[in-house]
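Each chain gets a letter, A, B, C and D, in the order it is written, and its residues are counted from 1.
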Amino acid sequence: MANSKYEYVKSFESNDKLMPSTWIVVRIDGRGFKKFSEDHGFDKPNDEQALYLMNACAVSMLQEFPDIVFAYGVSDEYSFIFRKETQFYQRRSSKILSVTVSFFTSVYVMKWKEFFPQNKLKYPPTFDGRVVCYPSTTIVQDYLAWRQVDCHINNLNNTCYWMLVKSGKSKREAQDFLEGTQAQEKNELLFQQFNLNYNTLPAIFRKGSCVFRDKVEDIVKYTECGDPVKRSRLKVITYHCDIIEKTFWDKHKHILR
Amino acid sequence: MANSKYEYVKSFESNDKLMPSTWIVVRIDGRGFKKFSEDHGFDKPNDEQALYLMNACAVSMLQEFPDIVFAYGVSDEYSFIFRKETQFYQRRSSKILSVTVSFFTSVYVMKWKEFFPQNKLKYPPTFDGRVVCYPSTTIVQDYLAWRQVDCHINNLNNTCYWMLVKSGKSKREAQDFLEGTQAQEKNELLFQQFNLNYNTLPAIFRKGSCVFRDKVEDIVKYTECGDPVKRSRLKVITYHCDIIEKTFWDKHKHILR
Amino acid sequence: MANSKYEYVKSFESNDKLMPSTWIVVRIDGRGFKKFSEDHGFDKPNDEQALYLMNACAVSMLQEFPDIVFAYGVSDEYSFIFRKETQFYQRRSSKILSVTVSFFTSVYVMKWKEFFPQNKLKYPPTFDGRVVCYPSTTIVQDYLAWRQVDCHINNLNNTCYWMLVKSGKSKREAQDFLEGTQAQEKNELLFQQFNLNYNTLPAIFRKGSCVFRDKVEDIVKYTECGDPVKRSRLKVITYHCDIIEKTFWDKHKHILR
Amino acid sequence: MANSKYEYVKSFESNDKLMPSTWIVVRIDGRGFKKFSEDHGFDKPNDEQALYLMNACAVSMLQEFPDIVFAYGVSDEYSFIFRKETQFYQRRSSKILSVTVSFFTSVYVMKWKEFFPQNKLKYPPTFDGRVVCYPSTTIVQDYLAWRQVDCHINNLNNTCYWMLVKSGKSKREAQDFLEGTQAQEKNELLFQQFNLNYNTLPAIFRKGSCVFRDKVEDIVKYTECGDPVKRSRLKVITYHCDIIEKTFWDKHKHILR
C-alpha cells in the first residue's frame, strides 16, 4: 500500500505500559487556576459551587470508567485510583492519562452553566495530569493521606489568610503574619481574633471530597400490604470524611480490595 | 512539617522528560467518534462544520502555545508539532500531553455551539492523545506525509462507500464492493457511476488542514493621500495543501527551522 | 569552566530509577552459550563443572552485593533478587544491570581455570542481562517457580534428546522423536529404553541451584572439657531444592521478608 | 503447557527500545578503580600498561560488534558509538548495555596477564555502563569533545598533583595547592617548578585514545618483477588525536556518516 513508505514513523512511538498489578493513580490539577478563579470571581478561600462542580466531574468519571474505585478531591485537584488489575487501555499510560484528563475537562465545561448560571466562562479551563503507580495498598492509602494532610494544611492557612485580608490587612501583610506559624497558632488566631472555631467549618473545606461506590438501599416497589421492598445496589456517592486514619479503610474494605 | 510522613509517595512519580533537541509531536484523536458523529448527526463522509470546529480548536492551540509550529488535522484527529528546542514544561511528557489534550477538549466544548447552534451536545466529547519524538526534520516531514496519505486513502474510500450507501446499497454490500479495490478503480467508480470527479471535491476533505503561522500583510493605516500603509506580521492561518511533496517545505522553510 | 560548553550533552541521559518498594530481579544469560559450550567441550546435556562455575559466580555475587537476598540458576542463566527496599545505586536500572553483569562475567573468567584446569578459554565468555521489578512477594515466588518449571521441562527434554543421540540417532531424528511428547512419555522413554529413572539424576540437574544466606552453626572453639562452643551465623549456601511449592518459602521466611 | 501458569511474570518486563535513527553511545566506567589501581600498583598519574589494556579491550569491541563506529577512551572509561541506524539487539537498551559491558569486562580479565605479566589480579575488576542516545551528528561530536576536554582538565590536574606529591608534598597539601588554579597556572607550575613542558607528554595521556576503522594499505603479494601489490582495507586502529576541532571529522567523514 502507498502508505507503507511512511509508516516507519510509527516505530518511534514508545511503549508506555504501566507495571502490571500495581495501583494506578491519575492526579488532575487545574492549570493556572489561581488566575482562573480570580477571573471567574470564585469565593475565597473556598468557593462551594466550584467544589461542587469538581465533585460532579469526579462522579461522572466513576460512572464513565468502572475501573476507577476511588477519587479524592481538594481545591482544583482530583486524584483517581484505578483498581490494581485494571486492563483499561492495556494499561498504556498515555491513553489512560489523556482520556481521563480530556473527559474530566469536557464534563467541567459542559456542567459549568449548571453550577455557575450567571457566570460565563471567559476562556477554556484547562487541567494537567500525571500518572503514578503504587505497588501496595498501604502505599496507596499513604498517597491519599498525603493529599488530605495537604488539604488540611492549605485550608487552615488559606482560611487565616483570607480572614486577615478581609479584615483589612494587605495580602503581603497577611502572608508575612502567617509565615512560620504552626497549626495550633492558626487555630487560635481564628478563634480569638475572628471568633471562628475551625472545626465547625464545612467538612468539604476541611476534609476534601471522597467519591466512591457504596451500598445504598433503594425501595424498588411496595408489596400489596404497602410494605416497601428494598434492594441494595452500589451507587457513586460523595463523602467528606477522614481517610488518614485506617478506620475508614477498615470500614470500606471493598474499595481497595 | 506534619506532611513529611507521607511525602515519600512522591518518590514513585517517574521522570518522563523527552529527549532534548527532538521534534515533539502530540497527536490527538477523538475517542469513540464513530458513535459520537452518528449521535450528533454529522454529515457523511465529511461534515464540514465538524471539521471547521476541529480547525478552530487547532488555531486556538497555536495561539495558546507559541512553541507549536505546525498542526495537521484530518477527520477527528489532529497532530501538533512543537519546535525541536522547546522547553515547554521542561519537556515533561505527561504535562505536555495532558495540558494540550485538556485545552483542545475545553475549546471543542466551548466552541461547539458556534458551529452547531441547533445541535446540543448529548454527552462529553473526549479525545485521547500520544506524544512521539522525532530526531530529524526529514522524519517529521515523513510523519506528516504519513498522516496526509492516510487522509487521502481514507477519504477516497469513505467517499465511495457513502456514495454507494446513499445510492441504495447496504453498508455491508458497500464494504464488500470496495474490498481490495485500488485508488484508480475507486476514482473510476466515482466518475463513471456517480459522475463525480474526486479531484473537484473540497480540498479540506482531500488534503486535510494545515495550521501554522504565516506572514500576512495588514493595512495598518492610510497616508494622507489615501495610500495604504502595510505591515507584515505572523498570523495563524489554515490551509488545505499538499505537504507530502517537499515543495511545501521548501516554500515555508521557517516552519521546521 | 571550559567544559561547560559541551556539558549540555549530559542532559540527554535519561533517568532510569526503578519503582520504589518493588523486588528487583536481574537475570543474567550466557550469550551464544550453545556454541560456547560446544567450543569448550561441555558434557551434554549437563556439564557439572560448568554448573559449579556458575554457582561459584552466584555465591560471589551474594558476597559482593549484600542486597541480593536470593539467586536461582539453571544452565547458563542466573536470576538475582534484590530486597524490595534496596537503595543499591539509588535503584538506577543501568547501574544495577551493568555492575552485576560485569561482576558476574569478571568472576566467571577469573574462576574458569579453577573449574576447567585443562581447558583454556578460547574467547571471552559474555552474558546479557535484564532487570525486572515485581510489586509483591507472591509474584516474585511465581517468577522463581517459572524459572524452575522451565528448568524441569528443558532438562527432561534435553536428557531424552542426548540419550537418543548417544544411542545412535541423528540430532534431527532425536528432535523429531521428541516433538510433542509429554513429560509422562519422556519419563517412560528414559525408563524403558535407557533404564534410567529420571528422579535419580542429580538434583542440580533437575532442580537447578538456589543460593541464599542461611543460618549455619560454626564451632568457634572448644571448652576446657573439650566440648564444642557453637555460634550460628548467616552463610551463603547453595541448595538444589524445590522452590515451586510454598513449603520452601514457609520454611525460609527471612529470605523474602 | 505446565509453564503457562507462571508465564504471566514475563509481562512485567518493560520494553526498552531506544529511539530509532539516533546515535547510541555506551559509556563504560571502572567501578571503584581508584582503589583498584592502587591495589594493583598502577603508575600515577597514568599507567601506560593499564591504558594499553583498556585500548586492547576497545579494539576487541570494534572487532566483535561491527556497528560500533568509534570509541574514545580516557583513564578507566571508554565510550562506544553505535551507528545511527544500528539494529543491534533491535536497539533494546538492556541487551546492548549488558552485552557490551560483559564483553568488555571479559576481555579485560582475559588480557590482563598479557599487559601485567607480573601482577596477579587480586579481585574481579568491574565496570558500570550507561546508554545515551543523541539525535544528531553535531551532538555526538560535542559528546566526544566533552569527554576529551574532561581528559585534558583531569590529566593536567593529575600531572600537577602527582608531581607535587612525588616532590614531597602531602596529598592534602597538593590538593589545596591546586584548588582553584587555572590551566595556564598549572602549565606554568609544571614548567617552572618541574621543568616539564606539558605538551611533550605522551599524546595518549593528553588526548586519550580514539579507536575506529581506517583505510590501511596492505601489500598482498609481489608481482614477478618484485613490485608490491597493495590493497586497501578497513582496519581497527588506535590514534591519540584531537577530536574537539572539527578538522578531525572533516578528514574522517566516513565515521559518523
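The rule we apply is simple: a contact is a pair of C-beta atoms (placed from the backbone, for glycine too) under 8 Å apart; a residue touches a chain by one contact, two chains touch by 3 or more.
Just so it is clear, the structure is predicted and the values come from calculations on it, not from any experiment.
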| item | value |
| --- | --- |
| Chain at maximum distance from subunit C, centres defined as averaged CA atoms | B |
| Subunit D against subunit C, contact positions shared by both copies (same if over half, else different) | same |
| Separation of mean Cα positions, subunit C and subunit B [Å, integer] | 52 |
| Intercentroid distance (Cα basis), subunit D paired with subunit C, Å | 31 |
| For subunit B paired with subunit D, centre-to-centre distance based on mean C-alpha positions, whole Å | 47 |
| Multi-chain contact sites of subunit B, meaning residues that touch two or more partners | 8, 12, 14, 19, 133, 139 |
| Partner subunit A, residues of subunit C touching it in the complex | 19, 21-22, 133, 135-136, 139 |
| Touch list for subunit A against partner subunit D, complex | 8, 11-12, 14-15, 17, 19-20 |
| Parts of subunit A lying in touch with subunit B, wherever the complex brings them together | 1-3, 6-10, 12-14, 28, 31, 60, 93-95, 97-99, 101-110, 121, 124-134, 139, 142-143, 145-146, 149-150, 153, 183 |
